[in-house]
Amino acid sequence: MLYFRNDYGSGAHPAVLEALCATNDVLTPGYGTDPYCHQAAETVRTLCQSPQAAVHFLAGGTQVNKTAIYAFLRPYEAAISAGSGHICVHEAGAVEQDGHKIIALPSHDGKLTPGMLRAAMAGPLNEHTVLPRLAYISNTTELGTVYSGEELRNLGACCRELGLYLYCDGARLGSAMDAGGSCFPDYAAACDAFTIGGTKNGLLFGEALVIVNPALQPGFRNCMKQQGAMLAKGRLLGVQFQTVLQDGLYLRLASHANAQAGRLAAGLAELGIPLLAPAESNQVFPILPDAAVERLRKSAAFEVERKMDGGHTCIRFVTAWHTTPEDVDALLALLKGTGA
Amino acid sequence: MLYFRNDYGSGAHPAVLEALCATNDVLTPGYGTDPYCHQAAETVRTLCQSPQAAVHFLAGGTQVNKTAIYAFLRPYEAAISAGSGHICVHEAGAVEQDGHKIIALPSHDGKLTPGMLRAAMAGPLNEHTVLPRLAYISNTTELGTVYSGEELRNLGACCRELGLYLYCDGARLGSAMDAGGSCFPDYAAACDAFTIGGTKNGLLFGEALVIVNPALQPGFRNCMKQQGAMLAKGRLLGVQFQTVLQDGLYLRLASHANAQAGRLAAGLAELGIPLLAPAESNQVFPILPDAAVERLRKSAAFEVERKMDGGHTCIRFVTAWHTTPEDVDALLALLKGTGA
Amino acid sequence: MLYFRNDYGSGAHPAVLEALCATNDVLTPGYGTDPYCHQAAETVRTLCQSPQAAVHFLAGGTQVNKTAIYAFLRPYEAAISAGSGHICVHEAGAVEQDGHKIIALPSHDGKLTPGMLRAAMAGPLNEHTVLPRLAYISNTTELGTVYSGEELRNLGACCRELGLYLYCDGARLGSAMDAGGSCFPDYAAACDAFTIGGTKNGLLFGEALVIVNPALQPGFRNCMKQQGAMLAKGRLLGVQFQTVLQDGLYLRLASHANAQAGRLAAGLAELGIPLLAPAESNQVFPILPDAAVERLRKSAAFEVERKMDGGHTCIRFVTAWHTTPEDVDALLALLKGTGA
Amino acid sequence: MLYFRNDYGSGAHPAVLEALCATNDVLTPGYGTDPYCHQAAETVRTLCQSPQAAVHFLAGGTQVNKTAIYAFLRPYEAAISAGSGHICVHEAGAVEQDGHKIIALPSHDGKLTPGMLRAAMAGPLNEHTVLPRLAYISNTTELGTVYSGEELRNLGACCRELGLYLYCDGARLGSAMDAGGSCFPDYAAACDAFTIGGTKNGLLFGEALVIVNPALQPGFRNCMKQQGAMLAKGRLLGVQFQTVLQDGLYLRLASHANAQAGRLAAGLAELGIPLLAPAESNQVFPILPDAAVERLRKSAAFEVERKMDGGHTCIRFVTAWHTTPEDVDALLALLKGTGA
């Protein structure tokens, strides 16, 4: 069975596993107060050229989005997101569970633009409405599209003008940086806070939250603990992030995944298979006849994105750091064989 | 530095780490729907003689307590706990954050009794008060004391009579079973739900939640996801729990920790050092002169429980699966040397 | 200054005030357990031909919507609403504050249809999404449009088929019944719960909540108290509702308001002024040149609904039980004069 | 039936009702933005000698406590209260419903002292605990005891020293001022925020919230709306408060109630009936034989406070602005007759 279901289907990259084994017997304090977390946080600050940033390590993506928005907003403030945003559709109402409305803006490519934010803030906003206070973006987006460094800077400037915090969900930040030509300092400059996703790029689990805006830093660990998001053996997160960030492995893994997706997209184009959105990163969304999708299920693992009109279905292929060129070739051969 | 700070200071037991390495390259579906979680859940049901139990794997103790109470209670219902209960004092208000009051009952030994529950339910209870609906116990307790199997059964019967759910926080369940002569089926019989703690007994992280009462089972995974408590690579939890539960390793590790604490308590008694509570499990609470505590800090890691009157301090020593008899002897020698 | 700003600009209808004065000195128990509330609840049950309905009296519209949805839904369940629904835009995130997402469906006339509900329930719905469980409608809608009795029955049948509760916000229920030919029993038959709005139809304040579905009745008063929605002198609500409901005054007041709005709409048509939505009840939404709106401000009180393209603005006129034909004529004369 | 059940058993004082009738036909904007509310707020600021205070009018006591604490605290912060505090026991978990723990301190007389606050803040407080940030007191207390002006000042100074906000629930503030010799400026000087209770002192309903601390003022109306606590016809609150505050009626009504309670307490002393707490204000808590309580039920309305040991029950008598000396004499005669 060819695996293109997602980028968190295996365990960890061997280097990560080795580092966990090598440090296993060291005894440390708990809850992220250990030397490994301190070192990894310092590495993040250096990479981001943001010496004052607060860096926290959490276990998962929904957890970090939920906890950050909970910590950053006052009770009556709301988040703005593209309608396809992860917090809008795939987190089971986690943000609302903490009391905050998400204002979902329609977006054909999963991205927010300054114009969309300006329109959302044009009002009327008053004490009978929620007050939008944070713009949530994900890079890469849920449709595999990518914000460039310039787009990030423009969004950041717009948010500052409008009095919005800019928060970037970087569950696939490595892929976004590789695809969009952005770098860590771009995020530190544009965003009030952002995450560096580990789960989908070689770690067993883990997301690093970088809080650049000093006003948002106080009390965050209290919020983490209250949300059940403070891991007893926090060191596990420090060790893993240090491993992938210290020497560029994080970006190499993402670049590999992107390259495989690029090969896949090229092959799909040769086969004349249309895509739902441009294949910019490690997610590819081909639209296939329903019958072809059914045949494909027997030999490949993938997810269905949505039913389309006219007997077609859009499915999602995801490549990962462990996807091989042979995997891609085999998938393309299958697609050719199914007459897709 | 001798390490008696807690039982989650190291990584994992070697067998757990080996299992994670051995399964690392297998590609599975996410979010706990993989074969490893299914197998571990089945192992739990078999050990508990509870074939209809729902078993979920979560990353941490606060997370599982919070999510369970959130899922089990209606909005206006409350939990009852001993005042020293973990949810009362060490979870940063996690239960209240989800809207539920905790009714804290004073308890000298950290335990609840049927009499205490009956008094709490004697009222007046009406629409102006919260309605107590769940009794929270921890076994072992935060003071290291232990409920026996019989005490559990009596509490369970009392809770059924009073219309309370009985929930047992088993962050140190192995230690409690070893010390109190209880077994998995005792918990399944007495409790509506309970946890099997992994973090403090040899896993990298992980708590298994066993929901015995069928009325409390629906919707739990939705609550998990909403709470940010559903790990993408849920398999990591399945693999780890299967490793320690399949052949009794879980109990052997706990038994070892208890034995070391027993040796430590015996040594303290010889030295004439009083304890805050009887040393029944793997936590020991000696009361020392403040100056002795200060001297001890230089050579041993431990936590301060509380300041006592008269220039004394109660501290906490915790033993773990990796504590050696030599560690205990060295600590006792230190204590002797400090003139404690 | 002509007053067309809203239908809650004055105090109460004289009969309501008289009843409050007449009962002022009677001493009763508090919190809605008094004879006046019991009598008014019985009147509601009789009018609705729903002898088993639970009837509660609350002070305001946001309060009753918030408390009802809070009481009816499990934590991970969501409400569906037209995008223009009061709970979506004018309640400051009150529903989200209690943890529930609102799924906003675009609707040109402020109404939900069975087709819209079916599409929303077509999924994918799973443990990563919220689960829609309640359809919120308002009758009349925020655009002044009206559901007929038949539309209500069709929605009710559709909701039962889809496993949704149907909740009708009847802040202007009298106006809806007068305009749409529906009657109290229609609501009891179609809805799981609905409100009878008093604030906008002659009371000082007050909304009656009718919970028809027995499964939704337990625990409601606990939720009321917890939400701060249980008035100490609940009797004030019982006295007022009994006054307007006992002899049809409620409908006569609404009918009067509708009639004045009808005269206003006819006059606007004569003047060739377009409307945002058909004028079916006591709210009328003319679209005027910006300059005309500015001139009108000097002599009439109204609210701005929204800016339109091309130098036009949509404003809202609301008639009430106390609006006179002379008020309407004077407003029309003003509009003629402003060259609107 | 003699009525000593509570101080909210009747409607309003005649002057309040007259004012509502006299202003009934005036058309105003809604939600507390009307001239009556502005005037009443100004009256409050003048009485309190606090020209910068923000003044809000809400409908009920639980509502104002809940909304204020919700608005004032960050998510992980907690309130401290005497164990008998209204927010602890009679608000159905309203504060916890918004996410905040209440730390309940045992208190024999329902009052907090600086010493109790210092002990509560002595820790350990860290990211695993909630952070106490607000001290809740009620004056008069739930036991009828009273803080003097000096006690208020001392508490205020202690709170500033400890970094706590001081919040005074003044549901019976008039009674407290009359009994304890405190005045409005004392509250403005000592507290960060406090309420002036109307419901229990002559209004139909209503509590005025005075937010003295400027840091706590922003966003409060958003919180009110979100909590369903913004009355559409907010003017009703402005009219009522202006009526009782403009010429001292508020204090005269409270003084009358206190005087009747004083006569009642003197009579009870003559009869040798012990009290649970000193009778300092308008609540009196006699302890009677159970049989006497049962006999008394036939002729008098009162509430049971709690069962005592040895066949006795503590009940509560409350006097109000409308309690007559004849009512008190009749009650005393009854008590004499029942052999209490």
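We just call them A, B, C and D in the order they show up, numbering each chain from 1.
In the analysis below, a contact is a pair of C-beta atoms (placed from the backbone, for glycine too) under 8 Å apart; a residue touches a chain by one contact, two chains touch by 3 or more.
Predicted, not measured: the structure shown is a model, and the values here were computed from it.
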Between B-C and C-D, the pair joined by more C-beta contacts: C-D
Far-end chain from chain C, centres as C-alpha averages: B
Distance from the mean Cα position of chain C to that of chain A, given in whole angstrom: 42
Rounded Å distance, chain C centre to chain D centre (Cα mean): 33
Distance from the mean Cα position of chain C to that of chain B, given in whole angstrom: 50
Sites on chain D at which at least two other chains make contact: 75-76, 91-93, 97, 99, 127-128, 222, 225-226, 230
Contact footprint of chain A on chain C as seen in their complex: 75-76, 78, 89-93, 96-102, 104, 124, 127-130, 304
Chain B residues touching chain A - in the complex, by the definition given at the top: 3, 5-6, 8-12, 14, 17, 20-21, 23-30, 59-67, 91-94, 97, 199-200, 204-205, 222, 225-233, 235-236, 301, 322
Complex interface listing, chain A residues touching chain D: 31, 70-71, 74-76, 99, 127-128, 131, 219, 221-226, 230
